[in-house]
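The structures come next, written out as structure tokens.
Below are two complexes that have subunit A in common, paired first with subunit B and then with subunit C.
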Partner chain A sequence: MEFSDWFYIPFLIGTIYLFGVVIYRFVKWFLGLSKIDKIRVRKNFFTKHTLDSIWESVREGLLHFKMFKVNRLLGYMHMSLAFGWFLLIVVGHFEASSYFGTMFFPFQKSVFFRFYVTENADFPGHTFYAWAMELLLMFVLSGVFLAYFKRFRSKSFGMKKTTRMKSGDHIALTALWLIFPLRFLCETFTAGVYQNGSPFFNSIGAFFNEYLYLEDCLKPLWLAYSLALGTFFVAMPYTRYMHIPAEINLIFLRNWGVQLKERRINTFTLAEVYSCSRCGVCIDACQLNLAGIKNSQSVYVLKNIRNKTLSDEVLFNCLLCGKCQEVCPVGIDVNRLRITQRIETTKQYNSSYDYLQTGVAKKADTIYFAGCMTHLTPSIKKAMLKIFNAAGENLWFMDENKAPCCGRPLMLAGQFDAAEKLISNNQKLILDSGAKTLIVSCPICYKVFKEDYMLPNVKIRHHSEYILDLIKSGKISLSHSDKKAVYHDPCELGRGSGIYEEPREVIKEVMSLIPMAQEREKAQCCGGSLANMKISMEERDILSSQVMQEFSTYEPDYVVTACPLCKKTFAKTNALPVKDLAEIVVENME
Partner chain B sequence: MDFGFSTIDTRVIEIDKFDTTILKYVLQHEKSMLVCMSCGGCTATCSAGNLTDFNVRRMQMMLRRGEVKNLQTEIDKCMLCGKCMLVCPRGVNLRNVAMLIKKALVNHKDLK
Partner chain C sequence: MKNIVIIGGGIAGVETACMLAQNGNRVTIIERDSKLFGKLNNWYCLFPDFKKSEELIEFYQNRLEKFDIEIKLNSAVDKAERDGEGWFIYTGNVRYAADAVVIATGYELFDASRKEELGYKIYDNVITQGDLEQRFKDKNFLTAQGKTPEKIAVVHCVGSRDEKCHNLYCSKVCCVTGVKQAIELSKFLPETQILCFYMDLRMYDKFFEELYRKAQEHYNIQFIRGRVSEVSENSDGRLSIKTEDTLSGRPMKMKLDMIVLLAGMETKKNTTEIAKKFGVEQEESGFLKSKDFHIGAGILSEKGIFAAGTCISPMSIKETIENARSTAQQVNEYLNTL
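The block that comes next holds the complex of A and B.
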């Protein structure tokens, strides 16, 4: 058999195998979705959502817009590899079809075009295609060389950490690293012998021709190129490179309305897990690095779920602050993913809380639920009561003496069934009182009341929103002091509930607010988060003092926050005076 | 025969027969529990303890004595709010202790 008849077989086997596995997985994931999700997919299939998904696939899968936003160099690397390779395939196909005069010809003829077409053919657009293909290859190669560089000097990318790899990843990575340099050698050497490229590659080929017997190198090189492609494609489904097809699948499913449901774990988890490219952006965003915790970042959780090696130590060692989710270029719902896993591992031991008794609700217009954490910081509670007094509220202080917890701490630990008992108990009391507004001074309670309680006709207000309303309606009047403050965004209020502006507006009423580099979506966690079950107190202290240190560079008079837990955590560091929003309002009330 | 009264169950604790499986499991996974000095701050602040007769310090004692049955009913009362952990002067990660006890109780037979 001629060499030209068989050298492409490794490539062909790889391609067929890859497509087989990917299609098998996609079908399996689709069949494993819940009934409602399947209906959603069917309903949204022939709508704008599909077009949106195609655009998003181009934008994120090929051009990597979000990656550019996080890190330009990393974005360029991914873009040159993905978009460049994609264009090489597409333009290569057009080049070959221009030569053969038809759109239909054996697949390998376009991939190994320069091998098959060695005479300096005069087909339409020959010069254009030759130049385009060669420049595209150089574009991809620039990305590959950046990748080499990054692997050994990740710091030069502005990345502190990069992900650790498995042995399968090493095989795929080596194959990927070889593909394009091999293609470059194949094409320049062939051009050196047959002059079938553009003047660019022809001259490089001529240069090599001075020193080497190029003709003897051609066959081994083309075979090596085919082998590298085949190896990469076979290894792909078992390594992180599975993210390439999986991410596109995820984009489509997401746009069709499929969502991760906390209590109904299904194959959508896998669709998300396999979409992780392990780029390592989440590792850099994670504060736990500072405390020396290096194995529980989102990328490792996703990896452990995929390999079925997830341990409690990794799963529960996370503040669920959501910083990594904010920067994830694939948009994986990592926080929810972690909670679904927590529910799965703890569902055998949810408490029943049989001791709960139905309390007697007091009729009132407004309810105040201080929550466990506000009770631990009585100054906030006192300030809130003063504000209610000034506003002349017809108030019922629901947990003045005793009340069950709101349920959120249980949910953060995965104990959803147990939390439901507390939720239904509190819910009944709130509805019985006939109140129109429920005010909370703790973002942890706020999130659960807003998202998991069924309270129709009851407005749930965080105290920052409530105080701002009072100021705007003129129920309380404040004086402006000459003090300066920085505002700390609590995770559950900011990234968790999207409230960024209200607390800032309130602060601006009573003192000047210093803007910071890391605020709003980029805000740090105080380190006190109840979501982390494993972190020790010493490690928490490292996190909170680091954040305080950063605050002190702005030389504020106060650190103002809107969460009693953040206040308590920061106060422990003794670095700067820490106040809750309610306290500074009361201090400046006329 | 019903005399209208009964004797109370014996409260004798046989040190040799302590069931330490759960204690060992908890200590293995949460070392900070070793530094507990039984001050009772956790118990004083406890939200669940405010509602019912839950007592964190008693729970710890049951754990140390291996009173598995009582431990089960006691730990079920905890609402995991985390106040105990925040007031603890020794920095014991009590929420994790509570979760570990729950987990150990479910897997009690396997741990033995």
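The block that comes next holds the complex of A and C.
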């Protein structure tokens, strides 16, 4: 058998195998979706959502816009590899079809085009294609070299740490690193012998020709290239490189409206887990590094879910602050994913909560739900009551004496059944009262009321929104003091619920606000998060004091926040005076 | 004749000064305040024997008269400089040369408003044991609403043995202070019900346990094992607390008229400043670090610098006096080697 008849076999096996596995997985994931999700997919298939997904796949899967936002060099590396390789395949196909005069010919004919077409190279557009393909290859190679460089010096890519790998990853990585340099050698050497490239590769080939017997090298090189491709494709489904097809799949499913919902564990988890490229951007975003916690970052959780090695130690050692989710280039919903896993692994205790039944609703226009953390920070509660009084609200202070929990802490701990009981109890009381507005001063309560309660026709307001309304409608008037403040974005209010501006506007009414480098989406967690069940008190203290230290560089008179838990956590450090929004409003009320 | 400077004119400083003057040294006390005896001035009477603190002050005033001790009031240490084996200490525009220095800066009551859930400085009827001593002196026990309290809670361990405010140690004297104050309250207000909320009661010294028993048997004071988690105010100004009776294992809610918080002992900010000026080490808790727990109490990390009293660790007045005497002996031994 001629060499040209069989050398592409490794490549072909790899390709077929890869397609087989990927299609099998996609089908399996789709079939495992919940009924509602499947309906969503069917309904949205022939809509704009599909077009959006195509554009998003190009933007994120090939061009890597989000990665560019993290770091330009990192973005360029990913773009040159993904987009460059994509173009090589597409342009290569056009080149081959131009030569063969048809769009349909075996795969390998375009991938190994320069091997097959060594003579009669004057088909239409030959020079253009030759230049284009060679420049594209150089473009990809530049990314490969950056990847080499990144392995050894990740700091220059804005990354302090990079992910740890396992042996399968090493095989795939080595194959990937070899593919393009091998292709470069194959094509330049072939050009050196047959002058079938552009003047660019032809001259490089001629240069090699001076020192080597190029003809003897050709066959082993083309075979090595085919082997490298084949190895990479076979290894791909079992390594992190599975993220390449999985991410595209995720983009489509997400745009069609498929969502992770607590308590409805289905294969969408897998669709998300396999989309993680283990780029490691989430590791740097994680504050737990400061406290020396280095095994529970999102990338490791995703990896552990995929390998079925997830331990509670890792799963519950997370603040759920959402900083990693904010920077994730793939947009994986890691917080929700973690909560779903927590519900899955936690024993559901059969708490009765019988005593809840005795609560009676009071008719009122407005309900105030202080929440347990506000009860532990009575100065906030006192301030809120003064504000309600000044606004002349017809108020029911729902948890004044009997204090039911909002349910969120149980949810974060994975106790979904217990949380549901509290939620349905509170829900009934709120609806019975006939109130139109529910005001909370704790962002933890706010998030659960907004997302998990069924309260039609009840407006849920965080006190920052409510106070701003009062100011705008002139129900309270404030005076401006000469004090300066920095504002700390609570995780559940900022990243969790998207409320960044209202508290800032309120602060600006009563004192000047100092802008900071790490705020809004980039804000740090205070360290007090209820979501972390594994962190020690000392580790929490490290986080809180680090944040306070950063605040103190701005020399504020007050650290102002809008969450009782953040306030309590910061106050413990005893470094700067910490106040809640409601307190500074009352202090400056006329 | 050797020169000794003592920083702080509380019980520890005064006792050390007297002991060292007795041995023929020239002693100077530098006191920040306008009078001597520090916190003792604020106390009404002392455990376990209800001795009036005035009696103790009188004793020390008489004792001081026997010695030629220079007392510099309203003065703070501005700067300290090594001078060979000794030190130069600057206060105002005066410079003192000292062969040995004794730090006796004392303690500070934990700022109970740092435990916001207990409502100190938020609700008028929440006070600390320090405030209560002043009320004993004034004989004023009315609530902010001008009523005689019917029910008073004494809350133990506020700011001690509490990871949540970084104080892991036990302040040790608050237990018996609480029992003493509960008895005094009961004497002044026999109709009032008094409850103590505790984690465990550490009646470590002579007569303490007897006092605790007397509080229950003769004064009908109720002791409930459980920490108070939350205090809130009702519209009539009365207080509600949430706690758990951990002996019966039940959560409790209770209405009260007044709460006394037994705030723990903490190092003063001032002690930290002084420690930095002399370059002596502090423990993680902030208290000054002795050379050895067993045999080096009061000997600090820097040569010629000693410490006495509650700047080393929480202690009662009796222990402070004993400790001051022992530190004076250490100073004497050191001076003999010079």
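Throughout what follows, the second predicted complex is superposed on the first by the 583 of 590 C-alpha atoms of A that agree within 3 Å, B and C clash if a C-alpha of one lies under 4 Å from a C-alpha of the other, contacts with A are read in each partner's own complex, and residues count from 1 in each chain.
Keep this in mind: a contact is a pair of C-beta atoms (placed from the backbone, for glycine too) under 8 Å apart; a residue touches a chain by one contact, two chains touch by 3 or more.
If you're wondering where the values come from, they're calculated on a predicted model, not measured in any experiment.
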- Once the two structures are overlaid on subunit A, check if subunit B and subunit C clash or fit side by side. clash
- Message: If we overlay the two complexes on their shared chain A, which of subunit B and subunit C does A:353 touch? Say first, second, both or neither.
- Response: first
- Message: For the three-chain arrangement built by superposition, which of subunit B and subunit C touches the greater number of subunit A residues?
- Response: B
- Please work out whether A:546 is in contact with subunit B alone, subunit C alone, both, or neither, and reply first, second, both or neither. neither
- Task: Would you check which partner chain A:571 touches, where first means subunit B only, second means subunit C only, and both and neither mean what they say?
- Result: second
- Message: Under the stated touch criterion, which partner chain does A:537 make contact with: subunit B (first), subunit C (second), both, or neither?
- Response: both
- Task: Would you sort A:376 into first (subunit B), second (subunit C), both or neither based on which partner it touches?
- Result: both
- Item | Which of subunit B and subunit C A:404 touches, first, second, both or neither | first
- Item | subunit B region in steric overlap with subunit C, selected from 42-50, 60-68 or 96-104 | 42-50
- Task: Overlap the subunit B and subunit C contact sets on subunit A and report the shared residues.
- Result: 375-376, 401, 537, 568
- Message: Can you tell me which positions in subunit B touch subunit A when the two form their complex?
- Response: 29, 32, 45, 47-48, 50-52, 75-83, 85-88, 91, 93, 95-96, 99, 102-103, 105-106
- Residue numbers on subunit A that touch subunit C, as the complex places them: 375-379, 381-382, 401, 537, 541, 568, 571-572, 574
- Query: For the complex, which residues does subunit C have touching subunit A?
  - Reply: 114, 116-117, 119, 122-123, 163-166, 229-233, 240, 253
- What residues of subunit A sit close enough to touch subunit B in their complex? 312-313, 316, 346, 348-349, 351-353, 355-356, 372-373, 375-376, 401-405, 409-410, 413, 415, 422, 528, 530, 533-538, 565, 568
